[in-house]
Amino acid sequence: MSILIGADSRILVQGFTGKEGTFHSTRMIEYGTRIVGGVSPGKGGRVHLDLPVFNSVAEARAATEADVSVLFVPPFAAADAIMEAAAAGIRLIVGITEGIPVLDMIRVKKFLSGTNSLFLGPNTPGVISPGRAKVGIMPGPIHRPGRIGIMSRSGTLTYEAVWQISDAGLGQSTAVGIGGDPVTGLSFVDLLELFRADPETEAIVMIGEIGGTAEDDASAVIRNGYPKPVFAYIAGLTSPPGRRMGHAGAIIEGGTGRAENKAGILAEAGAVVIPLPSEIGTTVSAYFKRNDPS
Amino acid sequence: MSILIGADSRILVQGFTGKEGTFHSTRMIEYGTRIVGGVSPGKGGRVHLDLPVFNSVAEARAATEADVSVLFVPPFAAADAIMEAAAAGIRLIVGITEGIPVLDMIRVKKFLSGTNSLFLGPNTPGVISPGRAKVGIMPGPIHRPGRIGIMSRSGTLTYEAVWQISDAGLGQSTAVGIGGDPVTGLSFVDLLELFRADPETEAIVMIGEIGGTAEDDASAVIRNGYPKPVFAYIAGLTSPPGRRMGHAGAIIEGGTGRAENKAGILAEAGAVVIPLPSEIGTTVSAYFKRNDPS
Amino acid sequence: MKFLEHRAKEILFRYGIPIPKGEVVETAARAAAAAESLGNRVVLKAQIPAGGRGRAGGIKFALGPEDARAKAEALFKTRLITPQTGKQGLPIRSILVEEAVSFRSEFYIGAAVDRSQGRIVLLASPRGGIEIEETARTKPDAVFREEIDPFVGLLPYQARRLAFALGLTGESQTQAAAIITGVARAFLQNDASVIEINPLALTDEGRLLALDAKVVLDDNALFRHPDFRPPADDPDADPAEAAAARVGLNYVRLGGDIGCLVNGAGLAMATADQIQAAGGRPADFLDIGGGVSEDAVREGFKIVVSDPGVRAVLINVFGGIVRCDLVARGLIGATKETGARVPFVVRFQGTNAAEGRALLAASGLAYEPAETMGEAAKKAVAAARGGSRS
Amino acid sequence: MKFLEHRAKEILFRYGIPIPKGEVVETAARAAAAAESLGNRVVLKAQIPAGGRGRAGGIKFALGPEDARAKAEALFKTRLITPQTGKQGLPIRSILVEEAVSFRSEFYIGAAVDRSQGRIVLLASPRGGIEIEETARTKPDAVFREEIDPFVGLLPYQARRLAFALGLTGESQTQAAAIITGVARAFLQNDASVIEINPLALTDEGRLLALDAKVVLDDNALFRHPDFRPPADDPDADPAEAAAARVGLNYVRLGGDIGCLVNGAGLAMATADQIQAAGGRPADFLDIGGGVSEDAVREGFKIVVSDPGVRAVLINVFGGIVRCDLVARGLIGATKETGARVPFVVRFQGTNAAEGRALLAASGLAYEPAETMGEAAKKAVAAARGGSRS
């Protein structure tokens, strides 16, 4: 098993016929992902990568029974595409697009709160269940099927963590990027709950970074007795304070946002804090060897 | 028992210190209604009619535990006042105000759909549970406690029906005006469900009129086997077609809206249709004498 | 408030909706000049505040200025009678002269309030040029709907979906989506009740063009749109209805012989029903409303009796906020002022009914009191039959 | 994008928010003239893109034109050093000369994105003039909040509640509600990230006046606000950061001696952490991002080595969309073009890592390959210690 996606997920690509959509759809199909079609308004009726193209998500969903969509649309059109997918009943919407205005994401969150759709991202590499389905832009070959759940706010740093874990002889149940933007859809807290219920996942690696309170919110879940070990690395210990965080943001976030604070809160809550990015794979594999010497 | 309000309802008046608010609050208090305070922004802290005045509904609710509010605010401020009451957790909001823009009511309905508040009106005389509480502007003395539930789109025509029923020796469990505007909060359907669950109510009198589909929607409930007799009078048999109904409205309403159509659908559904307004009291009392000759 | 076609088109034009080139004229000479500047083929469209113009002969094609002049002259002499005008019809005071457009197909775009659901719905259909009600009845699959959320507005994907549903592709689809978005924005920003473009034509050149348009605004929201207040002296308005509106009363002429003065719309409708059941014909619907003054009652009564067909008046007041004594004083004032001798029947119930009856009794006026609506209607019918105006 | 105080005030003024009379000047003579026209008492406020001005001496009172001239002259000669400027401080290029206002009390009004909840929050506090973070920490009961729904906007009752929470009554309460509504509208209509009025002063005459203001817009939304595009030649910008921005890269100077070129913000931060853990000091944060071209890599490398403090460069690329071979080609091009001899360590993983390594190996360039981040950081630290720039 895995979270969010699996071998039976039926995936739609929004922005299918564009350059990005074409490139990454090809990679996803090569990986074995079940892409069932795409949406490109105005191109409905065509065939692209041997798959049907539709003018709207509603039409595409009716024809293909897709339950997941992944977006390769430009920032100005992204919010509309997400809301269209949600209105059409898509269960999981994955927003790869980088550079969406924050207000658009706030609108999207409000809109989605009235639906049953989940949104992952934006500015995420996506989600992969190794060996089953890849919904996003991550390099497939570094992944291995396994029992570690990975969740991250970063793109390439996730690949680094995945690579280290694969290199250490372990694998991933699911690797998920929640996205690097200030306002995201699914949060670390949401993913912790999904991983909690996933029997395949035996441990979680969380890759955080400075800014916001996503890691602090996750700490609260861990503190309340989380049944699986959580390993955490927080990037940005050396990042200069004040450079990336808005002034009034700090007050809302209660003065938090520094990497050392996040790491401290996580450690106190019971997570295993990994101090250096180079030690993610070794730390997790040492834990598994200790607890499961077979 | 009764529906919507009762002897223990704690009622707040929005627009309390204005001319209308003062006049009708005085009448409601005279009737024995438990008015617990009022809201008049900017007048908070004063005492009016021996009751406390607050700047906001939230403040008033915190201080008085009010669960019902009744609005005497001008049309331009009404939507805001309703949303304020809903956001403050008022359970039932009664909008007396006439002349609220339809778009404001559509916004209010959307806003309320995310809350637990009920809205009655606008452009309604309100709701009365004879002998217990009067929340509105209807003349109190014409009412008698009893077992008929009355619901109506009209003001004075409701008084007429109430008067005839009282005159016939019967009384009302609750008399409710849903309001005469194109878009209303609580509908006939909603009230039928509330009356269904009210053991005190033994029969329902529905006063409809031309336009819209409120009566047709109610017919569907009756047709599905409503456990109490429903008497219906529809005003406007002689009203000229086309004068009050918008053109594109007709298409949405499926070509309905004429009094004879409404009466026909109701009769077919099993309601007792009263052909003339002067016969409301006699028809209902004849039914009760026939069925309950004691 | 309902706009004439040319005003409706002006409003929609501000929201990016393309309309034919045209000019509004009030004389045949100006019609000729407009035809001159618009090119050879023009359409003359009578500007009246009622639908059904086309079949009634209110739309004419003209070839060149002289033809336009002749046809405009004929139109200006006509009273147009349509199913919506009543039998006497309406005079044509202005004509919209527009370039004649050749088109391949006609669509329907409209937005309206769905009363039952309490929401705004945008409708589109590939069957334009005919009434949308007819399409909804005969071919419901050809009517496509999207809700306009009052806070969110119409989202781009909704506009696209409707445009695709119309069967449009390429440039036309993009243009249709923009027009649909414009209709939704115009609806929300102007507190509309109804906006219709019918037909929206796809011209031979592949452009979409709003050939006819209808815009009705919510009267209750006019305080937010002061620019749209109707002119005080609408020459086409019924003088009695206009007089009633000036004092805040709601008067509708019904054409019978029993004048009605009632408080509340529902009770007024019911009173008319009751009169008809008693064998009479109501002359009017006059709702004096809830917050009426003595002066307004007086004016209302004067308006009712100003109808020369009225042979009796029925006053039916169920006092609530309106006190019967106030109404009585208004009636006494009006009869004294006008000296009107039309017989009237008064039924008072509710707030201060006894005081009202006492005032009338003490005034020395000749009137018939009644206890119930049924009794009042019967007495009014009898009075209208027996009585004569002096 | 963060605006200078006077621009922030101009924006808020358009939303009905009252601001003091004032003028922006770039010379002492114009400061004197401004003081002349504004009256006797004025305030001179240094316009720099950083907070903490007041304590750093960037705000001066002046009595009359001559005093204003002298104080402006002194300010124009100063570099202001505040906790937000870095040690070298910032030059003062313009001064806002404002009427001096006497006031009774100071309030705080602000709006910002609540990242955790994904919503916009409007904050108000009767404790103005001090940092809102401090109030939130020391006296949380004195900070009042209302959500601004992104579709609905701030409703009138919410603005009223905040105004009442500030303890205002009568005219001032109405004015405060209007100001709060204006802030909410300005936030939504301009895609703001932060808007602050601090302090909002209640003057001796009983008027509310925004004495200081801050407006930060969401850079990602600037495409919707073309008027707000920052001038291409901001004289105060770090030249390396500006050069990176021009080619779409994100460069932040960190002050150490190991230049970094990394793909992805998280990996770039992690790389800096790894360098520090290995005993080195990162010179910069350079994220070449996801869709980078060979040209941009070349420019990025040139920017990194343009820092005279850089004694070694660490290239850490985990290929995803970015292919390592493309990065290799950019590096080879840049080193050939600039002839830079600074030692560099390259760590490639992911998409086309082998191809990238092969290209570098074949290029004849002197560089240290590394397999892991840890190894790369250690080698870079060693190179920076041992190496010297030629």
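When the chains are written out, they are named A, B, C and D in that same order, and each has its own residue count from 1.
As a convention for this text, a contact is a pair of C-beta atoms (placed from the backbone, for glycine too) under 8 Å apart; a residue touches a chain by one contact, two chains touch by 3 or more.
Predicted model, so just to flag it, every value in this text is computed and none were measured.
Peer 1: Using the touch definition from the top, what's the fewest steps needed to get from chain B to chain C?
Peer 2: 1
Peer 1: If you tally the C-beta contacts, which comes out ahead, A-C or A-D?
Peer 2: Looking at contacts between chains, A-D has the larger number.
Peer 1: Per the centroid of Cα atoms for each chain, what is the distance between chain A and chain C, given in Å?
Peer 2: Inter-chain centre distance comes to 56 Å.
Peer 1: Cα centroid separation between chain A and chain D, in whole Å?
Peer 2: From the centre of chain A to the centre of chain D is 28 Å.
Peer 1: Quick one: chain A and chain B, Cα centre-to-centre, how many Å?
Peer 2: Distance between chain centres: 50 Å.
Peer 1: Give the residues of chain A that touch two or more other chains, as numbers and ranges in rising order.
Peer 2: If we look for residues of chain A contacting two or more partner chains, we find 107.
Peer 1: Two-or-more-chain contact residues of chain D, please, as numbers and ranges.
Peer 2: Residues 149, 151-152 of chain D each touch two or more of the other chains.
Peer 1: Can you tell me, using the touch rule above, whether these chains form a line, ring, star, complete graph or other shape?
Peer 2: Topology of touching chains reads as other, fitting no named class.
Peer 1: Following the definition at the start, I'd like every touching pair of chains, please.
Peer 2: A-C, A-D, B-C, B-D, C-D
Peer 1: For the complex, which residues does chain A have touching chain D?
Peer 2: On the chain A side, the touching residues are 75-76, 98-107, 109-110, 125, 137-139, 142, 152-160, 163, 180, 182-184, 207, 209-214, 217, 233, 235-240, 242-243, 246-255, 259, 275-279.
Peer 1: Using the touch definition from the top, list the residues of chain D that touch chain C in their complex.
Peer 2: That would be residues 149, 151-152 of chain D.
Peer 1: Which chain D residues qualify as touching chain A in the complex?
Peer 2: The touching residues are 51, 84, 110-116, 118-121, 123, 132-133, 136-137, 143, 149-151, 188, 191, 193-194, 196, 214, 216, 218, 220-221, 223-224, 252, 254, 262-267, 269-277, 282, 285, 290, 317-321, 349-351, 372-374, 377.
Peer 1: Can you list the chain B residues touching chain D in their complex?
Peer 2: So the residues of chain B in touch with chain D come to 41-42, 44, 55-59, 77, 80-81, 83-84, 87, 107, 111.
Peer 1: Which residues, counting only chain D, touch chain B once they are in their complex?
Peer 2: Residues 152, 155-157, 160-161, 164, 169-170, 173-174.
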